[in-house]
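Got a structure for you, written out below as structure tokens; questions coming shortly.
So that you can tell them apart, the chains are marked A, B, C and D in the order they are listed, and the count of residues begins at 1 in each.
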Amino acid sequence: MLYSIYITSRSGSLLYQKDFKTVNSPITKQRSNDYLVIASTLHGVHAIASKLTPPDAVHNYQKAKTLANSNRTGLREVSTSQFKIFMNQTVTGIKIIVFASPNMEETKFAAIYDKIYEHYCNYVLKNPFYQLDMPIRCQLFDTHLNSVVAGCNV
Amino acid sequence: MSKQIKQLGDDVWKTKVEKVNSELFTLTYGSIVAQLCRDFNNNYEEVNAQTYKMGYNIGVRLIDEFLQKTQLSRCSSFRDTAEIVSKVGFKMFLNVVPNITNWTSDMTTFSLILTENPLADFVELPDDGKAAKELWYSNILCGVLRGALEMVQLDCEVGFISDVLRGDETTELRVRLVQVLKEEIPAGEE
Amino acid sequence: MPIYSFWIYDRHCNCIFSREYGTGSQDPSGNVLKSTPKSKGSAQFAPNPSYENTSSLPTSSQSTQNSSISSGRGQRLLSSASNNHKAQELIQKGTVNAQNNNNTSKLLFGTLFSLRKIAGSVCTPQTETHQEEEFNTSNLNSFNALQSFRTLNYKCHYYETMNGLRFVVVTHPAARSLQSSLIEIYHSIYLPTVVRNPLMPVNYREDEVISNDRFVRAIDEYWASLEETLT
Amino acid sequence: MPEEFFSKEVSAMALEYLVNECVALSVRVEELLASDSVPGTLAGDVAGLKLEQDKPGTVDFASNPKFLGLNNLYRVERYGYEIGYKITDCIIYKKSVQEGVNIQLLEVLEVMKFICRDVWRMFYLKQMDNLRTNHIGTFVLVDNNFRPLINVSSAQGDADTIRKIQPYLQLPCGLIRGILASLGISAVVKADVIENRLPAVSFNVQTSLAK
């Protein structure tokens, strides 16, 4: 069950944000600048989390089976009593952040991440009129994103 | 809602609390207050202050015992707080349930009527004409409430306004919410 | 031992207890012992400039003399924890109250504090009266409590009591949720050893820490006993 | 209302915190009496917090030199004495009326047994573990797990703990002395930790067989 999606640029600015009207989603409507604050906080915490790696834990990721692309040691997941935040970063530093229900698994998120990334490449990067590092206002991207969410929130 | 809280209080008392008999408790507190009166040769203002401070120190620790045995989550309003203090807090420590009355319209102040008070069973104030006007015998309770509530960010003013030991109708303790304390943020946070 | 460190912060956001298990520990004088990477040639993998070398903790610029305070010296403790030899060895190698005020402790608390703020601000229960709203703003252990955060290398578990005590444990990333363990430590170790102990404060000054041997041993034994069942 | 006597109960925790706190209270009183400053008025609700550094929840009182001072020890002992002096009749009344057990308290040994069993079970929820005597008026009462000391430990190690628990041992000493006094036996009671095996405590009671 997906509640909302954030996409942030390499510098942590908010490119895209959407809360989905899923039934009993605990997310409450925020003011627009709250979304900016949340995005930049998560961006900052993402880097700090990798700095906090305990000396003995430095090599755990090599043993980890999950996909280890560019987002090696940064923040990946936050769990609270009402939801989970998943976070993954592309090689170019774009972060895709998803708020989901507490029972969402890492593997399920990996699949969703791939689809979103795919749609991002197709409908945003390939869109000639989209200026990099600017908020995303591509209609096609929206519709495809909604289908991803619909698929997952069935 | 308040029926569940009452049930919780009774359950905690029955199943999670080691008990000791209340005469012992009364006698222990009595000997402390008596000694205080001797120490300050009946300067009852000072005795009130010291029993209050003693309660304050106990309250800041008692809150942990309360949280451990009840695992309650945070109150959503001062009305909830009053219910929990009376039906769970007082019940699990003193095995009494004071009545909640005299709410102010803005719901920031309420009274606790202590129909039973294990601190003051069989107690008679000295009849030097001063005690009945100045001594609040069970003032330790105000300190305990003050200390415990402060630990959960509720800055309250707590004080007695009447006491049967003084010949009043009822023993009434007034609790006023001064402010909800902002939690402390680490240095350097905006 | 899949437990790397355990921390307690009080309601004034000060670190009142830190226990570090492990070999490549940051020795009290503050410079980081370079832990030689065991696997051969861990490739430099930081294509993204925002990561500098992540193979070890940054040497904390600000020295940590003030971390070994009068009452809580950063000392290595020989504790007779569980018979499990490996856990034993890591316990003896770790330090107690050596990192309370250093960079790691501040970064860790800052991270948890920001995540907790997000958790609290994104899900707010509807409130009718102004008072209810106020009751909710000081969101100690609020409607939506932060439980943990994870990276590929480690997982950090978090539990906060209603009176503002924060328990944190950093473990192997695959560890199960340790909320119940942190609650267990609060109820059956912190409560008897500190709260019911008239010689121990519950309101800590800036530099005060918990350094009772009994407390440290109990914490070591608890984590050592959990060692096998963690993942 | 005889059957009602002793039927009401409170939480043992409440009594324990009250007893622990009265040592800190005694130090505060010492401090105030020594500084003979203007007596506190109930100004606002944080009255009496005159000792700035003695904030609630801190243990500064334990580093106050008066903490181990004789006056302090004596006052805490006096709390115990007053309780002991009054509780004897209450227990005996309860025993004889409610439980139909009339307690023979003619001989000192019987009084000691009464303390070890009834009083200790009522106060500390367990009986004393051992009672020895040299039959010429000296008794040693041993409690291997003295309830109020189970959780006491100082941050500066065991030696410091043993040093700092002296005031806390005064109340039970006073309690024993008070009970004996109420039965006409004057005695001197001393308590100490058994070969620093906290929380094991032995109470040495020297009765002068005044009776």
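Going forward, a residue touches a chain if its C-beta (ideal position, glycine included) is under 8 Å from a C-beta of that chain, and two chains touch if they have at least 3 such contacts.
As the structure is a computational prediction, the values presented were derived from the model and not from experiment.
Chain pairs B-D and B-C differ in how many C-beta pairs they share in contact, with the greater number at B-D. Of all the chains shown, the one with its CA centroid nearest the global CA centroid is C. If you average the CA atoms of chain B and of chain D, the two centres end up 24 Å from each other.
Averaging Cα coordinates per chain places chain A and chain B 49 Å apart. Taking the mean of the C-alpha atoms as each chain's centre, chain A and chain D sit 62 Å apart. For the pair chain B and chain C, the distance between C-alpha centroids works out to 35 Å.
In chain B, the residues that reach two or more other chains under the touch definition are 60-61, 65.
Multi-chain contact residues of chain A, defined as those touching 2 or more other chains: none present.
In chain D, the positions touching at least two other chains are 21, 24, 56-57. In the complex of the two chains, the chain A residues touching chain C come out as 10, 26-28, 30, 34, 38, 41-42, 44-45, 47-62, 64, 66, 68, 70-83, 85, 89, 91, 93, 99. Only residues 5-6, 8-15, 17-19, 21-22, 24-25, 28-29, 32-33, 39-42, 44-49, 56-57, 75, 78-79, 82-83, 86-87, 90, 122-123, 125 of chain D touch chain B when the two sit together in their complex.
Within the complex formed with chain D, the chain B residues making contact are 17-25, 27-32, 34-36, 39-40, 43, 45-46, 48-50, 52-54, 56-62, 65, 92-95, 118, 121, 140, 142, 146-147, 157-159.
Per the touch definition, chain D reaches chain C in the complex via residues 16, 20-21, 23-24, 55-59, 62, 150-158, 161, 164, 168. For chain B in complex with chain C, the residues that touch the partner chain are 60-61, 63-65, 67-68, 72-78, 106-108, 151-153, 180-189.
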